[in-house]
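Here come two complexes built around chain A, the first alongside chain B, the second alongside chain C.
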Partner chain A sequence: MTLLKINNLKVYYYTRRGIVKAVDNVSLAMNKGEMVGLVGESGSGKSTLGLSIIRVLPPQAKIISGSVIFNGTDLLKLSEREMRKIRGKEISMVFQDPLTSLDPLQKIGDQIVETILEHEPNISKQEAYNMAKKALQEVGIPPDRIGNYPHQLSGGQRQRVMIALAMVLKPKLIIADEPTTALDVIVQDRIMELLSALKKEYGMSILFITHDLALAAERSDKIAVMYAGHLYEYGSSTDVVNKPLHPYTEGLIESIPDVFMRKEIKEIPGQPPDLTKPPSGCRFHPRCPYRMPKCSREEPPILQVNGRLVKCWLYS
Partner chain B sequence: MASLRTYVIVRTLMTIPIVLILLTLVFIILRVMPGDPITSMVGMKAPPEYIEMLKEKAGLNKPLIIQYLDYLFGILRGDFGRSLIWGERPVLYEIFDHLPATIELTIFGFAVSVIIGLITGTIAGVRSGTKTDNALRIYSILAYATFIPWLGMMFQLIFGVYLKLLPISGRIEPSLTIDWKPVTGLYVLDGILTGRLDITIDALKHLILPSITLGIVLSGAYTRLVRANIIEVLGQDFVRAAKARGLSEIKVLRHVLKNAFIPVLTMMGLQFAILLTGAVLTETTFSWPGMGTFLLERIKYVDYTTIQGTIVFFALFVSIVNLVVDILYALIDPRIRY
Partner chain C sequence: MVLLSVSNLKKYFPLQKSFIERVISRRKQYVKAVDGISFIIREGEVFSLVGESGCGKTTTGRLIVRLETPDSGKIVFDGKDITFAKEKELRPLRRKMQIIFQDPYASLNPRMTIGDAIAEPLIIHGIADKREAREKALEMLVNVGLTPPELFYKAYPHQLSGGQRQRVVIARAMILKPKFIVADEPVSMIDVSLRASILKLLMKFKKDFNLTMLFITHDLAVARLISDVVAVMYLGKIVEIAPVDELVENPLHPYTKALLSSVPTIVPQMKREKIILKGDVPNPINPPSGCRLHPRCPLAIERCSKEEPKLKYVGNNHYVACHLL
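Up next, the complex of A and B:
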């Protein structure tokens, strides 16, 4: 069952250097209870896509067109007030840097309670407190730390608090924007374990935004690959990793280092383009090893190949 | 909360060396200043025996170390010296005569400046880059650059002379205070305490123009500081995270304001203390009988002991205000604790 359907979304940043087409005509559908790994390099538009869903973009960003259908309603058509009811309750977000994503002056418990009371005004303060304690326990923080301030917790613990904040009202969708990037590998693994457990326990859908294809492949049901504001490939994790269709996905997989050095690391030559003046045609064509004359002239359509979506002229 | 208690105790103990250094500095500076106070007081032509006699009386002929110890123990006993010219009145009495007027003006002027500064700064910060922001920024520069006596005289002219709405000088209508003894020296409060509401109202009327003049000029710096802090905090991740949790704009703004307020608190504490030493320009413009007018007068008459005593008194006072500000800090910001 489809929970989230993004159609032809365009999000541009109006900067001094010009218009940055951060998300350009992206469509993506997600099912209930699914974890989708949204993979891409820095600047590929993956975080912008995540922020657009709950509309907390920075002021210089504008949603130009498209729709974000969540549970049957177009979120882009909602008023700010209606949108506030969705944020944190139906869709919540876990951010990259747990060190700066909590208010340093407020106890973690109070931040959770504040969120609960904002959405559930009928709950008593005491009940909200108990809910917060339970949420902390669920994410692996001893409930007696409810009176702690953020600076009294480690980075990993703070990210757990962020997850507790995100899951306390049992949303249908959690957008996790690089939730493990600021953490060391062992803590990273535990946080991913926790997200997977929440997904299983409550049937939450998780949009896992990361630059780490290996990590996404390990945990997600599906993988979406973004490059320079376009979605280039979308399919089940096993398919995408075992048999990448798009040359960019292939390049990403080949550039994953292997601890045992069993394979050579190949890098993708060149740099991602400047999105104020993206390349003509397929935005990946200047770096693509299979480039054809057509690629620089015309933008490839999104094609359905073996139950997967791919945006490349090679398959037309 | 044990850590907060430790912080308060340690911070209080730390005040002792700070005060000691301050007192020593004041002592040294007054001793190395060219000329001695007695000669400058009575003039070069006074007979030497007379000067000697006065020096002995003021204790200035003793060895320096004894003078220093006398001075320190005097302060410990609350003895800030005696005036050289005003019939040897204890300096402390002189200070207490003039302090209430200054406290009253400070409280009201300070309140005006903080209220204007916080409101304009918050609006400018939240709406940064808009026309409102630009207008408020221009206001802050104009306010900051305005010469107090000019603004004061404009107000006196408009509200006092043309509209005849408000008194333009002094702190009370003298005819009201016949047969009336103030309790604290703060007339607004004393009027209430003694059941003389007419005095309270008259004192408030006298306060309006000077406190608005002082408040407007001081508010400019707050507008800028608050604006800059708000913009900085607004860019922080936790603000976006709070929004992403669905908090209403007012609740998000509360997180922002609390975080942006911390550096403003420092300035408020320091400014409040400085104001209590007398807003000289405002006081002279409105003939306000406070510390500023008082110090200016004593400097004119070269009343060294009074000046020294007053400096010491306010040095102590500023240290205490700093202590209070730091403790308030620790209450607001849990990261500042031991």
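Up next, the complex of A and C:
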């Protein structure tokens, strides 16, 4: 069952350097209870896409066109007041840096209670407190920590609090934007374990935004690969990693070393483009080893190949 | 031949205290960043120090190039004891050992052209005059793949991407043809698709100039690619040292096993048993007694909390500090 359907979304940033086409005509569908890894490098538009879903973009960004159908409603058509009811309750977000997302002057328990009461005015304070306690316990924070301030916790614990905050109202979708990038590998593994558990336990869908293809592949059901504002490949994790179709995905896999496999690494030549003047046609063409004359002239359509979506002329 | 040998190296950083805290308590507190580590690096070898943040790997690198002075222990580089060498004695050494930092944005003077930044060490060390230095810098720009060199020579750091800046930093470190380089997380701030090219560049220098390297990283995948030997650090101690393939295929220390079972991989079928450590890394001000991992280790026995395990040789150039072996 489809939970989220993004159609032809365009989000541009209006900067002094010009218009940055951060997300340019991206469509993506996500099922209920699914974890989708949205993979890309910095500047690929992956975070912008995440922020557009719950409409918390910075002021210089503008949603130009497209729709974000969540559970049957187009989120882009809702008023700010209606949107506020969705954020935190239906869709919540976990960011990379929990220190900037948590209020340093408020006890962690109180922050969770506040979120609950904001959305559920009929719940008593005591009840909300119990819910907060239970949520913290579920993410592995001992109950005696409920009166702690964020600075009293370790980085991993803070991220757990963020996740408790995000899941306490049992949203249908959690958008996790690089939730483990600031953390050490052992802690990262546990946070990912926790997200997987939430998915399993409550059937939550998780949009997991990351630059780490291996991490995404290990944990997600599907992988979506973004490059320079376009979505270039979308399919099941095992398929994408074992048999990448798009040359960028292939290049990315060949460029990353793996601890359990001794292999040669190959670099992707060139640099990601400046999105104020993106390359014509396929945005990957200047770096693509398989480019054809057509690639610089015409933007490739999104094609369905073996149950996968791929945006590349090689398959038409 | 051994190029660098480090024995029982220690560095404690005193904790900053407020005035009132100083009045109330006389006892000075220290962060035991590096607490008695020993290892050797052979010529032409890439030796990696891996571990989580706060394990002391960066401090070790800074001690070796003597940006910090050790509290005790011994560092012998190229046959010379440099443990407490003075600044004047260190200068000729700097020609032979260089360091590359993580952040290429903070390692370059924003008001100096790329070319001048690369040529500067030659002039400082009196190796070349201005004209020769320029020639050599241009040559080095080509070597690190920044072409056309004339164009890059005149550029300023802000005009370059992170990956290009890191190439400049590498060029500047390599211009003196050092024997030894400490590379401290040189790719962790670089975009994924560009990391490969930086790593390959370092590997090329290793091969072409028989460069010896101490490579500091938190990323075991990168360590697997680039290293000959890997040492795993935890809370200021080395817990395991082995040739890289041996370490990955036959990890013996519970901490190394825990690290390896947490690393993301695209070949998950290669993952071994999962070792789950309890809790978080403890405070390095009051590290646990005995084996520092014991409060978190699922296999800990009574002895682990009482007696500190020493690095033991277990064959195949493999050393482990664990009572269970």
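Just so we're on the same page, the second predicted complex is superposed on the first by the 314 of 316 C-alpha atoms of A that agree within 3 Å, B and C clash if a C-alpha of one lies under 4 Å from a C-alpha of the other, contacts with A are read in each partner's own complex, and residues count from 1 in each chain.
As a convention for this text, a contact is a pair of C-beta atoms (placed from the backbone, for glycine too) under 8 Å apart; a residue touches a chain by one contact, two chains touch by 3 or more.
All of these numbers come straight from a predicted model, not from anything done at the bench.
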Partners on chain A (chain B, chain C) - clash or fit: fit
Which superposed partner A:Val56 touches (first chain B, second chain C, both, neither): first
Partner chain(s) touched by A:Ser42 [first = chain B, second = chain C, both, neither]: second
Superposition-derived comparison: chain B or chain C, residues of chain A touched: C
Vertex chain A, arms to chain B and chain C (CA centres, degrees, nearest 10): 80
First, second, both or neither for A:Ser101, with chain B first and chain C second: first
Touched partner set for A:Lys89, first chain B, second chain C, both or neither: first
Which superposed partner A:Pro272 touches (first chain B, second chain C, both, neither): second
First, second, both or neither for A:Phe260, with chain B first and chain C second: second
CA minimum distance (chain B, chain C), superposed complexes, angstrom: 6
Chain B-touching residues of chain A, taken from the complex the two chains share: 54, 56, 84-89, 92-93, 95, 97, 100-106, 114-115, 118-119, 149, 151, 162, 165
Chain C - residues contacting chain A, complex: 52-53, 161, 163, 191-197, 199-200, 218, 220-225, 245, 248, 258-268, 270-271, 277, 280-281
Residue ranges of chain B touching chain A (in the complex, touch as defined): 236-238, 240-248, 251, 255, 258-259, 332-335
Complex contacts: residues of chain A adjacent to chain C: 41-42, 154, 156-157, 184-189, 211-215, 217-218, 241, 251-253, 255-262, 265-268, 271-272
